[in-house]
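Take a look at the structure below.
Letters A, B, C and D mark the chains as written, and numbering starts fresh at 1 in each.
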Amino acid sequence: MHEAKPLPSYLVQRYQGWKVTSYAENRAWYQKLATDGQHPRAMVISCCDSRVNVISMFGAEQGELFIHRNIANLVPPYQPDGKEHGTSAAIEYAVQVLKVAHLIVLGHSNCGGVQGCLNMCRGDAPELEGNHSFVGRWMDILRPKYDDVKDIGDEDTQLRALEKSSVMMSLENLMSFPWLADKVAEDTLTLHGLWVDISAGTLEFYDTQEARFRAV
Amino acid sequence: MHEAKPLPSYLVQRYQGWKVTSYAENRAWYQKLATDGQHPRAMVISCCDSRVNVISMFGAEQGELFIHRNIANLVPPYQPDGKEHGTSAAIEYAVQVLKVAHLIVLGHSNCGGVQGCLNMCRGDAPELEGNHSFVGRWMDILRPKYDDVKDIGDEDTQLRALEKSSVMMSLENLMSFPWLADKVAEDTLTLHGLWVDISAGTLEFYDTQEARFRAV
Amino acid sequence: MHEAKPLPSYLVQRYQGWKVTSYAENRAWYQKLATDGQHPRAMVISCCDSRVNVISMFGAEQGELFIHRNIANLVPPYQPDGKEHGTSAAIEYAVQVLKVAHLIVLGHSNCGGVQGCLNMCRGDAPELEGNHSFVGRWMDILRPKYDDVKDIGDEDTQLRALEKSSVMMSLENLMSFPWLADKVAEDTLTLHGLWVDISAGTLEFYDTQEARFRAV
Amino acid sequence: MHEAKPLPSYLVQRYQGWKVTSYAENRAWYQKLATDGQHPRAMVISCCDSRVNVISMFGAEQGELFIHRNIANLVPPYQPDGKEHGTSAAIEYAVQVLKVAHLIVLGHSNCGGVQGCLNMCRGDAPELEGNHSFVGRWMDILRPKYDDVKDIGDEDTQLRALEKSSVMMSLENLMSFPWLADKVAEDTLTLHGLWVDISAGTLEFYDTQEARFRAV
């Protein structure tokens, strides 16, 4: 059994502040959203990292973005094996039910999950090996990209490269979902790869023509 | 191969607005966050729904909340089987690496995922059956709670009850993670169950003493 | 009495973004526009529909287009009866004061106002009958064109035909304004009829020679 | 008969630019908007003035804002007399059919329509008197506010005051629409009054508590 506690009072206080300010000023909109349902234009897959706030970054407070957040913004390959797949379920709901127009994968600098993957691939992270490490097994999704980055520059350079590779890996795996690939082919869904530098606030997108990330 | 497109210009424009306002005024803090790493106080598990904005609701823009978002804010049971488990990986990272003090599960009204589960349990959603429905297999996590709600009131009442049950289910499954249960036992981690009404803006928490949700 | 509220904060945030980007880079031009007054080259009469953005479509951010938007881009006939006529006032200001060179009527696909007119003419929209329906009485302007479309093809075909007829109706009614007809006669003002397909992004213009709409 | 001309080539060229850039990058969204219909969050009533671009100012390219534009952003009083009332029809469609959450009246500096009203009220604009001036009869809507501004400061001060009064007049007249007042009373619709300075780019909102306009 769990022993859930009341919400810590610092969050109660902030919630009450939100209720009389942001909620109050958008009450009519919230009521409409509840009645008419959501019609988000885009799905964003970003990292759980507390320093990434995609809603603020895109000025999109309520109803605009359907957001899935997991470690290192990863999408696993299509695997209809009857097991539970949270990321695949979120993508299915966004694409098949909500019919979003854009699917955006947002990576970021200083990513702890990607750092763990780098350490693991180098053999420096025994704690991430074995069935008992969920982080390790999750980061296995990114392993195929390690070969692309292992010989370039210093550790910081490799980390940035692998962070961007995690965006690429997700974009590639997205295309393994047949109903998603169909929509991309018929141009009713577009894919986008982004990477944000937390410190500098700069945003880069993957340019397919030039086959590299560059500033928006 | 994927064919990633540049970011739609309306998002470029909004990003540029964010860069010179919100980012600019918090630049020193972002730089410190990048250098020193994140030290979030709490992890929140909430839904992907575009109408739920936990960051705004808790006045927590940068660095405070580690957030995992999936369909219906569900936590599957502990399964160290060597497969990828995105939700479990996020929990492991928050609890074991970041050592958050609070773990909050946030449910909400008008939840499409929970509605799908309700339909499925009643036999009204053949499209959610079978291995090809990721949403169906993901919502299987919540199935054990259907019996608790199937005989109460009308459909709306059942939906609300099942939305709150999804919070309870997640709290129960959280306790199946041994290292998490240890921390709860030694009081270095507290669990919290919340449910927000999108239309009314009201927030309820699970009160273990009274064994029911009530307003914060 | 009214109870005007402060601007919702999501719009405040976006406005602040605009102020430091788009406004900042065009500041000298805005100041000149304020000092010297506007000298738009064309007036556009388009629909209020949120999916039609004539400024973006014609790359015309500041000072170029004088734009009147109403339901279904309709112009009523010339009626100098001392009552308030918003559309006629906008046309008078553009033609007589600003002396625009072009007057463009822009229709569009999926028009809710024209759909309402179609329903009304078929007797399927009792809610649009009677003095209390402003939409119904406004769409009366288009009623004379119903006979031209009622026997052609299926409902979608009729809707598209009536959308284009609303452009024709407006062009015809424009010519009932004597000072406007004078300018057209002396070739100091030209009229243009357009229709844009929201989904396909294609633009058609009315070709007087061929007496039909065709792609630009 | 009208003699509509082909679209001037400078606009054809710009349209073609838009088609391969902005439209192309948002094609999936345009298709969804055409299929699912519009769900704009707000209606904006602004001026036809070519220097006011509410879409850009609020970073809202497609589908977000239902926009009516007329001379001096005026709303006439509720008059269900069976005549055509374009502004009232637009409001009815936004509030009753689209059920927008916010209704924003946006005034601006250097407004030619308001300047005409000021001249007319002073007796300096004989060309605006009589049934043949649509601009004059339209600006009659604002006449009741002249008394409030006629004794304050110089002409520029009076003009700014009357521009803001036109926002107030519209807000007051909006409340004369019974179904709109009902929605305001039940808090499913909020009203907002804004005024933008074209030269300085500053935006003010009407603060009901302080009974004056102040910077956002």
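Keep this in mind: a contact is a pair of C-beta atoms (placed from the backbone, for glycine too) under 8 Å apart; a residue touches a chain by one contact, two chains touch by 3 or more.
None of the values given here were measured: they were computed from a predicted structure.
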item: Neighbouring chains shared between chain B and chain C, ordered by label; value: A, D
item: Proportion of interface numbers common to chain B and chain D (over half same, under half different); value: different
item: Magnitude of the superposing rotation for chain C and chain D (Cα, nearest 5°); value: 180
item: CA centroid of chain A to CA centroid of chain B, Å; value: 14
item: Inter-chain centre distance, chain A versus chain C - centres from mean C-alpha coordinates, in Å; value: 41
item: Where chain D touches two or more other chains at once, by residue number; value: 22, 25-27, 29, 31, 59-63, 102, 190
item: Chain B contact footprint on chain D (complex, rising order); value: 21-22, 25-26, 29, 59-62
item: In the complex, chain C residues that touch chain A; value: 5-6, 8-10, 13-14, 17
item: Complex contact set, residues of chain D against chain A; value: 25-29, 31-32, 36, 39, 41, 59, 63, 99-102, 183, 187-190
item: Residues on chain C engaged by chain D in the complex (per definition of touch); value: 1-8, 11-12, 14-15, 17-19, 22-24, 27, 30-31, 33-35, 37-38, 40, 42-43, 48-51, 53, 55-71, 74, 76, 80-94, 97, 102, 104, 109-110, 112-113, 131-135, 137-141, 171-172, 174-175, 184, 190-194, 197-199, 201, 203, 205-208, 216
item: Residues of chain C touching chain B in the complex; value: 13-14, 16-18, 20-22
